[in-house]
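Submitted below is the structure of interest, expressed as structure tokens.
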Amino acid sequence: MFAVETEALGRIYKVKKTRKEAAHTLVALDNVNLSVNHGELFGLLGPNGAGKTTLIKVLTTLLAPSSGFARVNGLDVARQPEEIRRQINMVSGGETSGYGLLTVRENLWMFTQFYGIPSRQANARIMELLKIVGLEDRANTKSSNLSTGLRQKMNIVRGFMTDPTVLFLDEPTLGLDVGAARDVRRFVRQWVDDDPTRTLLLTTHYMVEAEEMCDRVAIINQGKILACDTPQNLKQSLRSEGVYSLQVSALDEKDFEELKGIAGFRQGTLRQVESGAELELVLSDDSVLAGLLGFLTAKGSRITTLHKREASLEDVFISLVGKSMKDVENGAAD
Amino acid sequence: MALQTKVTRNSGARLFLQSVIGRAYPRVIGTQRDLSWLFFDIFLPFLTMVGYVYIYRALKAPEEYIGFVVLGSAMTAYWINILWSMSSQLYWEKETGNLALYVMSPTSLMAILFGMASGGLFSTTIRALVILVVGNLLFQVSYTITSFWALFLVFVLTMVALYGMGMMLSSLFLLFNREAWHSANLLQAPVMLFSGFYFPVSAFNFWVAAAASIVPLTLGMDAIRQLVFPSTALLGFLSVKLELIILAILSVLFLAAAFLTLRRMERLAIKHGKITDRLD
Amino acid sequence: MSSAETTPNSEAKPGSLLTFRTSAWLGWMIESNWTDPFIFAIYSIIRPISTAAILIVMYLVIRGGDFGSADFVNLYIGNAFFILVGAAIQGVSFGILDDREHYRTLKYIYIAPLQVPVYLIGRSVASILVACFSVLITLGFGIIFLKMPIALAEVKWGLFAAAFVLGMAVMICLGLMLGSWTLIIKNNAWSLGESLGAGLLIFSGAVFPLSVLPVPLQWVGSALPISYWLTLIRRALVPEIGRAYPMYTNLSDLQLILILLGFTLVYAILAALIYKRFDYIARERGNIDMVSNY
């Protein structure tokens, strides 16, 4: 039995007719097949609008699937939501839950009551967790007076304090500063490591978060799972290929399209910068580089910097989708 | 970093009770920490009552009608509480993200709504009492309670039925977004009209009054008026005994309906993705 | 497109008219787009009729069905136009609350180079327009179904126009004065407009003449512009009946207009000062982007 399992999971939204648009459907999840083992810290990586949050909502029984199945600890999300709710919890990035008039401690205590935790145990657990996340001295501060980062820490305590066996974190470090985000990542990793019965599913669009924290990562785009493996294996899938970062004096879109036609070119992105243009390229092997450099020279483009680097999850994403995550998000915005 | 404190979990009736207390807590604490409700929920409605009293004075109405206004204004507090602090409250909870957390937790939405109702009952009752007491003193309204126990029973049954209705409305509003707010706005005045907050409901023809009786406050206020203004018993719609029976039936019906519709609407809301969307 | 064509002039700021137009458009989009136009129309009809109906039934119970009497006509007209008072206050206060708590855009409005009071007034226009529609519906209901003696041929349109415009100006100032209080209130502020409007009913002469009140309360009523405005509206719509209403019978129409004009000027200054004060307090307390709810 898996901690989390989906089988041909689909979710479609029906968008109503408006003055500017006809009625249409939006496919948020498309034939998603995933299995997360017990004790695993599993990452779901993808750009904004990829379907990560929709998947979390289905798994946390907030949204029914349109097709297929999803199970948490062997329980069906559509048929057995009450049983699932006893075993899970969720924290979203940028949450504004709770009540501004209540203090941190009071807000957290209130949520423990919805899980049936006796008050004495709840208060002790709350204080312990507040100490761990560094919010102990703010226990009696009204939550409306907290900054975004401190509020998110409170939210994180809310997620962990009920001892879920499966915890869902949806962009948990959103809005946190570098130090706070690092603390949260460390805490999350340790929480999973401390008890093999705990499972954590994390969604993020930060590569570093997925690489550093997760045992396995699924890459998702436009509702589809494109790849699923350990971060190391995903990067190694590009090992036979060469990943290069170049800075050139000038290269326009037209020439870049032509460059893509060079044999051995796999994927790449072009970004215009003040000093010229930056290219991130995935080539089939190092030998392609010579031809590529020759092409650039012929186009009158001078190479300023060139280095080969280890593949990152961003490169894996580019190799699967053909664009960077940022370009996908910008494309969606357009 | 293993957590040192161990936690256990209650379920069943204990979980229900804990959830009710948990959700009532912000309401009760709110009345102490933010005292603006004294102005908005007591003083201003009190002024509204005074306005209606002077309308009757200008029309040279019998003095009992002043008593009707004072009584009706006190009961208005409960209707307003039902509409705005219960029925459409889930819309606000959706806005802040609390609704998703409630649905996702092991407790039931019914417990959450009970908690909201209980917490709101405190400030609502204070509002009703202030209007009643000060209104009576100011306008020298005199009551003659013919049966205290009947009065108590009418009040309790009216509240149970009313809050059951409020929970049922909440479940319907679960599917709404901004429409919830507008629906509550739309319901406010017509119910005050047809339930006879400021005049006996017998002013309407039998069928209109009968239809209005689906709102528990209609029969509740009619019975209370007959019990505290016995000289106006002829203005009553039905006998107190019959109204008590109907209120008891309504209590059971609305609580059962609330239980069933909450479950159904929650499932529908989950199916249509209404638990978390903030779209208007 | 060259960058010169797309680079905004950093020194430019929108004029008041543009701000007003944009915020009025925004207010209308928000006010009207929560449902389809048919349901919106039904909603805009049912609400004012049911409020008026409470008064109608109260009158019916005490005085019988004489809806043609001067007392009833004056009460009905006063109640109908009083809708605008609540709408003006609610429009401003709700604009602040909606933008602050629901859409979370108030902070962005604040840091934009525009006149916030003008924005708030524009934002309230939709609410006032819907209220005007409600007034028309209420009057129409009274004429058609209650056979109230309001004849279009007898209406003094010039007086009505002057009274209406001045009245709206003073209501908007009142709305800004009271609505800007919302900047520093949490929670209960959602009902500020309606609650305050209902509270002002006593002192407005809308549904009974001020002479019914104890003398100190009459003074309060006389210190507010609403009673003068409603008296003018009555005299314009139903000249004979309006003149017979026992309020300000010793004042001519012109005198009432001048009093209302005076109130408008005073309220405009007060509104500016009060808004400035609440604005300062709100910024000092960090209330511009607060989110509250329990």
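Every chain is named by a letter (A, B and C) in the order it is written, and numbering of its residues begins at 1.
What we mean here is this: a residue touches a chain if its C-beta (ideal position, glycine included) is under 8 Å from a C-beta of that chain, and two chains touch if they have at least 3 such contacts.
Nothing here was measured: the structure is a model prediction, and the numbers come from that model.
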Neighbouring chains shared between subunit A and subunit C, ordered by label: B
Most central chain, Cα average position: B
Averaged-CA centre spacing for the pair subunit C and subunit A, given as whole angstrom: 49
Between subunit C and subunit B, distance of the C-alpha-averaged centres to the nearest whole Å: 29
Distance between the centres, which are taken as Cα means, of subunit B and subunit A, whole angstrom: 44
Subunit A, residues touching no fewer than two other chains: 96, 99, 101-102
For subunit B, residues that touch 2 or more chains besides their own: 26, 30, 34, 96
Sites on subunit C at which at least two other chains make contact: 186-187, 291, 293-294
Sites on subunit A touched by subunit B in the complex: 13, 57, 60-64, 81-82, 85-86, 88-90, 92, 95-99, 101-102, 106, 109-118, 121-122, 124-125, 128-129, 132, 158, 161-163, 187, 190-191, 194-195
Subunit A contact footprint on subunit B (complex, rising order): 1-11, 14-15, 18-19, 21-23, 25-26, 29-30, 33-34, 96-98, 100-107, 111-112, 267, 270-271, 273, 275-276
Complex contacts: residues of subunit B adjacent to subunit C: 26-27, 30, 34, 36-37, 39-41, 43-45, 47-48, 50-52, 54-61, 65, 84, 92, 95-96, 177-179, 182, 185-186, 189-190, 192-193, 197-200, 203-204, 280
Residue numbers on subunit C that touch subunit B, as the complex places them: 30, 33-35, 43, 46-47, 50-51, 53-55, 57-63, 71, 75, 101-102, 185-192, 195-196, 198-199, 201-202, 207-209, 212-213, 291, 293-294
